[in-house]
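What follows is a set of structures for review.
Here chain A shows up in two complexes: once beside chain B, once beside chain C.
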Partner chain A sequence: MRESVIMKIHYGTALAAVALVAVHVLFRLTQNFAESLEYESVIANYQFLPYAGMLEIILILLSIHGFNGLRVILIELKQGRSFEKSVTYGCIGAMALVILYGSRTIFLTSMGMT
Partner chain B sequence: MAAQSTQISKPTSIPASKYVTLRISKFNPKKESSPKFIDFKVPYQKWTTVLDAILHVKQNLDHSIGVRYSCRQASCGSCGMKINGRPALACFTKIIELNSDVITVEPMNNFPIIRDLVVGFERMFSTHKKIKPYIIREDSEITPGTKEFLQTPEEVEKYIQFSNCIKCGLCNSVCPTMATDSSFVGPQALAQAYRYIADTRDKGKKDRLKIIDDSHGIWRCHFAGSCSQVCPKGVDPAMGIQLLRGYLLGFRS
Partner chain C sequence: MTRVEENKEGIKGMANPTRYGIERVAYLLMRLTGLGLLVYFVAHIAETSSILQGKVAWDEMLALTQTTGGHIILALVIGMCVFHTVNGIRVMLGHGGIGVGTPGRLDYPYKPPSQNARHKIAIYSSIVLAAIAMMYGLAVMFGE
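Presenting the complex of A and B:
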């Protein structure tokens, strides 16, 4: 993939994540802080499907943006073909793991399997 | 008719010199493990440049000082170095403008040291070559039957400041990405890529954008802007880089 395509995805995920995290924060403001962190209210969020969907999207956006950012930092620190290849595949792998594990949590909780 | 006489007035006496301490970094990487500073007392006048002072030392006090220079008028790009910590052309920096009794000269950062103040330009010249710094097009002004390629003043305005680059390397020496990424193309080459892409006579935009759209290309610029701060020729590489990004992001065509 060309670097410009990757960077368009990088900027796009950042903008979308900022917008969705803002919605998430606004939802939190409907309750006071302590209340919003109570077990029942957290579970209720996951079980409200549109909200759970939004959390899933935030998870994907932040993982893509974060792990690409990490790739960029690492290839700026050290160069070399094999190092850069392992960084790229390592970041893609780590990103997939984070998304899978996070999605599992969101899925199971929204299905009521806690 | 009275004879006209031309009077040649005696030259007014040159004001007495003041003295400054010139602290020169001496280092031969082939023989020594680290640089050391040597101090020299050097006379100066209000027109004396840092290069003049270094050459005074070389002529009278220590012939072994390694320094590169040629034009002595900010045109050839040979004499870039760190002067009191800031990269500048030695021939374009007067002693008095530094307002200091001690002037420290060191080789530029982000370049390999050859000896003392002389650094190797191989990496910069190769990245410069890599972006194809010339007009690319099939036809030519010298082909019979063709006309001069005309440009409006507005078209020239788009790239003219970038064509002032003298390849002194000062911009690359302050770039934070150049310091850590040994494969980064660098502000000098990126500014030149913009210079040719913005030239209406050029047809090599696609080629050049492909070259700089690489994992160590234009996207590694963090827009620190130091390159534009130190350029002695008024080139603004940081702006050129942002304008180039406009092409790659689809904001410019």
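Presenting the complex of A and C:
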């Protein structure tokens, strides 16, 4: 993929994540901060499907943005065909792992399997 | 130092905040906050997965974060998040050609139009906004 396309994805995921993370943070402020983090309250949040869907989207957006950012930083530090390939595949692998692990929490909790 | 060596400073050259003014500081902070936020993001996913092990595990994990140290780390995350967001929007606008001025002939003392007051103000604003957000976060967390 061309680097210009990757950077457009990088900026697009950033803008979308800013809007959704703002909603995620505002959810914590709808009640007392400590109360909003209580087990029952968090479970209720996960079982509210639109919110669970939003968490899944945030997870995907931030994983793409974060690991692409890491790839950019590492490639700025050192260049070379094999280094760049390993960094790219390493970041894609780490991104996939984080998405899978986070999705597992979201799906199992929203289906009441805690 | 020869030009070739000068161009091969690696992480030392990247981390040197003194050479190119506030723009270089913003460049460095953008990368440091990005890495910090990535570490927090992965830790947050690991932390929230404890909910799958029931109320006791969740409460134990929550107790770890509800300490003075936990609050300070969260305040730093808030600051990093605000700086990364505001400075990121500045960078995006710059890459889109907004606020960088028009190209002109470079005469001594070589001040490129892209490194103008608008961008400098945006960088300082992002640092100030990050500090305000951190203070608000600390007030919310310690105010309870």
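Note that in this section the second predicted complex is superposed on the first by the 114 of 114 C-alpha atoms of A that agree within 3 Å, B and C clash if a C-alpha of one lies under 4 Å from a C-alpha of the other, contacts with A are read in each partner's own complex, and residues count from 1 in each chain.
Just so it is clear, a residue touches a chain if its C-beta (ideal position, glycine included) is under 8 Å from a C-beta of that chain, and two chains touch if they have at least 3 such contacts.
Given the structure is predicted, the values throughout are model-derived calculations rather than measurements.
Placing chain B and chain C on a common chain A by superposition gives a clash between them.
In the superposed pair of complexes, A:E84 makes contact with chain B only, with no contact to chain C. Of the two partners chain B and chain C, it is C that touches the larger number of chain A residues. By the touch criterion stated above, A:Y101 is placed in contact with chain C alone, chain B being left untouched. In the superposition on chain A, A:N32 makes contact with chain C only, not with chain B. When the shared chain is aligned, chain B comes close enough to touch A:R2, but chain C does not.
Once chain A of one complex is fitted onto chain A of the other, the partner contacts of A:E76 extend to both chain B and chain C. Looking at the shared chain after the overlay, A:T109 reaches chain C, while chain B stays out of its contact range. Aligning on the C-alpha atoms of chain A brings chain C into conflict with chain B at a single listed stretch, 110-118, out of 38-46, 56-64, 74-82 or 110-118.
Common to the chain B and chain C contact sets on chain A are residues 7, 76-77. Residue ranges of chain A in contact with chain C, taken from their complex: 7, 11, 14-15, 18, 21, 29, 32-34, 37, 39, 42-43, 46, 59, 62-63, 66-67, 69-70, 73, 76-78, 98, 101-102, 104-105, 108-109, 113-114.
Listing the residues of chain A that touch chain B in their complex gives 2-4, 7-8, 72, 75-77, 79, 84. Interface of chain B with chain A (complex): residues 177, 180-184, 213-217, 219-220, 248-249.
Listed in rising order, the residues of chain C touching chain A in the complex are 10-11, 14, 31, 34-35, 37-38, 41-42, 45-46, 48-49, 51-55, 58-59, 62, 66, 81, 85, 88, 92, 95, 140-141, 144.
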